[in-house]
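Order of writing sets the chain letters: A, B, C and D. Residues in each chain are counted from 1.
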């Protein structure tokens, strides 16, 4: 039987997973002293137990990573049999190679730190993979990257009366999510591409479909500064879209991202609760509970 | 020949050590993206080189620790021959055991993280050792804990006309620093102890010496919230001390520590530059340069 | 016709109010420079217009207050006819008098700063009033304090199958909210009181009702450190409550508040979106839109 | 007789001014609660007294501004006769006009907030004035802007064996400081200008002097991101300067400013203690004490 522990980045999500999945939760005490040092204490017996340690690593990734390491190493010292690291938002995924000489390959280093901290298995949600074709290449321990796009698509189906909908991925990498969302919503999908229309001008348009008069949903894995999403929304509205809704798994929303997206003309914008935010209306708790049950 | 690299917590100190010690410096680029992720790049050839990586870990220890790990692991990937981790302020030293069941033993975990990050040797300054009698027990790699108390004592001798001075350690653990400072200043020293004067009242007084009419210097390794220092100052002034000066190696100064100490009646308060602060008037650059030369 | 502007603390809420209330929104650009200074620009014509400026002031109240002041003063310089300050979470309400000589009466100072910044009217949600009997005494300009307790009660009715429910206020001041929630849910209510049971022991119990075997909802205006809520939950479970749900308007959730509440045994805990948080499931957008329509 | 109070941004500077100027200090208690709200208490009798309130407003200007306002308004409520606002680093000076429609003119708003908070007079150090020719135009109350450039120049004279020195201002606005420093050091000065050397290339060179083989000191009011300073250092070294030292009044040092400057080849870089930093080696305490004595 799996037990659940939530790091301080994912207290709420851990309790939700515990409830919907009927996993016992083991509480922790976690605080930061005035001098900036974190204190962590596991408040329950973990000896011989299998533990799912839930910790999303958004906005303050270094602090949440260290807390994760403190907990996972302590669990094994206390006799836990297995630690499954559930990291709904996995940070540093962009820096997956040395783009310039001398750069730290942060993704590799963070993955090693997690493996070396007695974690037996890693579960992530819509981790952004560029140069790796699978999460199994990122980690040397068993690892699984699940997608929340079905949950997002179902939320869209239930909460918006979409008219003649089309799902758009803002770039080629997001085609996978657009395709999958479209299959749930039983509608078209496409991705945007840059098209040169003159020496000076570039147009960003869907490869094949027309958005004229249709409800468009832009689906991406992450909204960070909001630049990509805002640009796509403006373009699609200019091309005659009826309404444009932005949807993503991870609402990092750095700086004034949300304002930029609304200002661009978004009808609405939604995300999951892998990263807490005002737009995190779709929960991944059921999805993660189901995944954990498969590992139970 | 040693080369010096400074993490972003110790940029200034690294350049100072490089200058006074005539060690070539290798610059880095280090920044935090709007989404909170750190980017690190080493801007020079390190292949086959021996590197002293300077990074104090104060106030934001988790962020500085991760940056240190990013740099040290990258140095070895880039072919560096040896990495000496110079950590002037070493964090998490208080949590050196499991005081209560379930607690993370942070000091051990942080030490392991550093060892596992390809560091060959560690140098710290006045690391606070409680249950360990030597830094050699903390680390499984060569490690050295040097003291800045001579530098502090010389600064006191040069900058204050101390009258009939006496050095006071606020508790037994600080006797070592009091004694050493007293030998530089060629004066008395003592430590404070609690003495019960009635069922309700406790007095905090020096064990043996009288401070009446004398200039007192309280010497400690660290000022964190300032509580210990402020209390000692009040007591010693009440017992007739002429002036009380606070001195420490690490000026963490959490919250309103400085205000508390001055309000208690401190004539002045000084510290070294292991932790940058307005009172960090004594530099450890010469001391660290000298220590590094011995490892050269 | 009212126009809506959202400060960066309430971007999402402002767009939601604009949508449900059919108020045109005027976008802004707001960012913080690397040196820590904020930049604000109103991106639309406001001359002669009436503006509802939405800015909740949670967690970083000083930064959000300054941004509010920058915007409201600029609006009047740009010719706006009226500025209604909508401050869903109003900070500094506790410090409403000089408890000790020399203290700043923060509530008064913040209220004056808002009045002096060309605000014509203030609307708050469940502002915590202790020594003032009405918000009209706090401000010298028209002011209205609306309550979200009906919205919270309706959410509870729709989302939990409450068995033999009773609403509990954790102290006398919260009786007003408990009473009102109970009238929506058509059930009992009570408040907790301290009862001395021996020289050493104090019991915290409802004044009149028994919670044995019943679903209990604790209703308060704010959850800050979570101490009051956690204590009440433990007590009520000990007294035989079937399930205890915490509910509040403002989810400040400082430090590990959420963990404390769940660890105390909460079945669930909910709040409104005056303060964004993972538990902010009840929206005040409709309520605020309705209130603004009355001022239209 | 003036009394001194230090806000939490300038605790150390206030005590130093109090000591060198023989002004009595009135302590305060200032802290931030876990919910982010600041608490301020003046710990001494101020009735009928004249108070110099020292608060520099760097890096977290909004938080320090609110604290300043809390204290200054409280002082008058408590019966203080006069409040002199000593703001060594005055923030928001760049935004002194509406560069684009809709922008907040932050400098004006912040100045008004200070005037309206019962401040009788303002003293700043090397406030950056662009469009205003004098601080007297910025404020409607008496105001004085003093310069620390003499202190900086004297420090340079005493601590570096400058060979054939020349003082350089990085742009026209900084000519005033270059000139004044040169007169203390009895040497040449000049400012940099951009010179087009071909259709594509621009050169940045001193207007008249040659720096070849000479020690150059670049003098500016502020180092923020370090870009201007780093660029100037690189250019001057390329033009044959022997050593280049950077000097400024305010060491804001945002992000990796210090690293950029050293990496550009700076021999050293120094600043005053209006803003605490590792390079703040020149104190303005004497200068401010002298200025306050003139107002005594």
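As a convention for this text, a residue touches a chain if its C-beta (ideal position, glycine included) is under 8 Å from a C-beta of that chain, and two chains touch if they have at least 3 such contacts.
Predicted model only: the values in this text are computed from it and were never measured.
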| item | value |
| --- | --- |
| Common touching chains of subunit C and subunit A | none |
| Distance between the centres, which are taken as Cα means, of subunit D and subunit C, whole angstrom | 40 |
| Centre distance in Å when subunit A and subunit D are each reduced to the mean of their C-alpha atoms | 44 |
| Approximate Å spacing (C-alpha centroids) for the pair subunit B, subunit D | 30 |
| Residue list for subunit D, restricted to those that touch at least two other chains | 43, 255 |
| Those chain pairs that satisfy the touch definition | A-B, A-C, B-D, C-D |
| Subunit A residues touching subunit B - in the complex, by the definition given at the top | 33-44, 58-63, 65-67, 69-71, 73-74, 77-78, 91-92, 94-95, 100, 102-106, 109, 112-113, 116, 224-225, 252, 254-255 |
| Footprint of subunit C on subunit A - complex, ascending | 6, 8, 11-13, 15, 25, 27-32, 43, 255-256, 258-259, 262-263, 273, 276-280 |
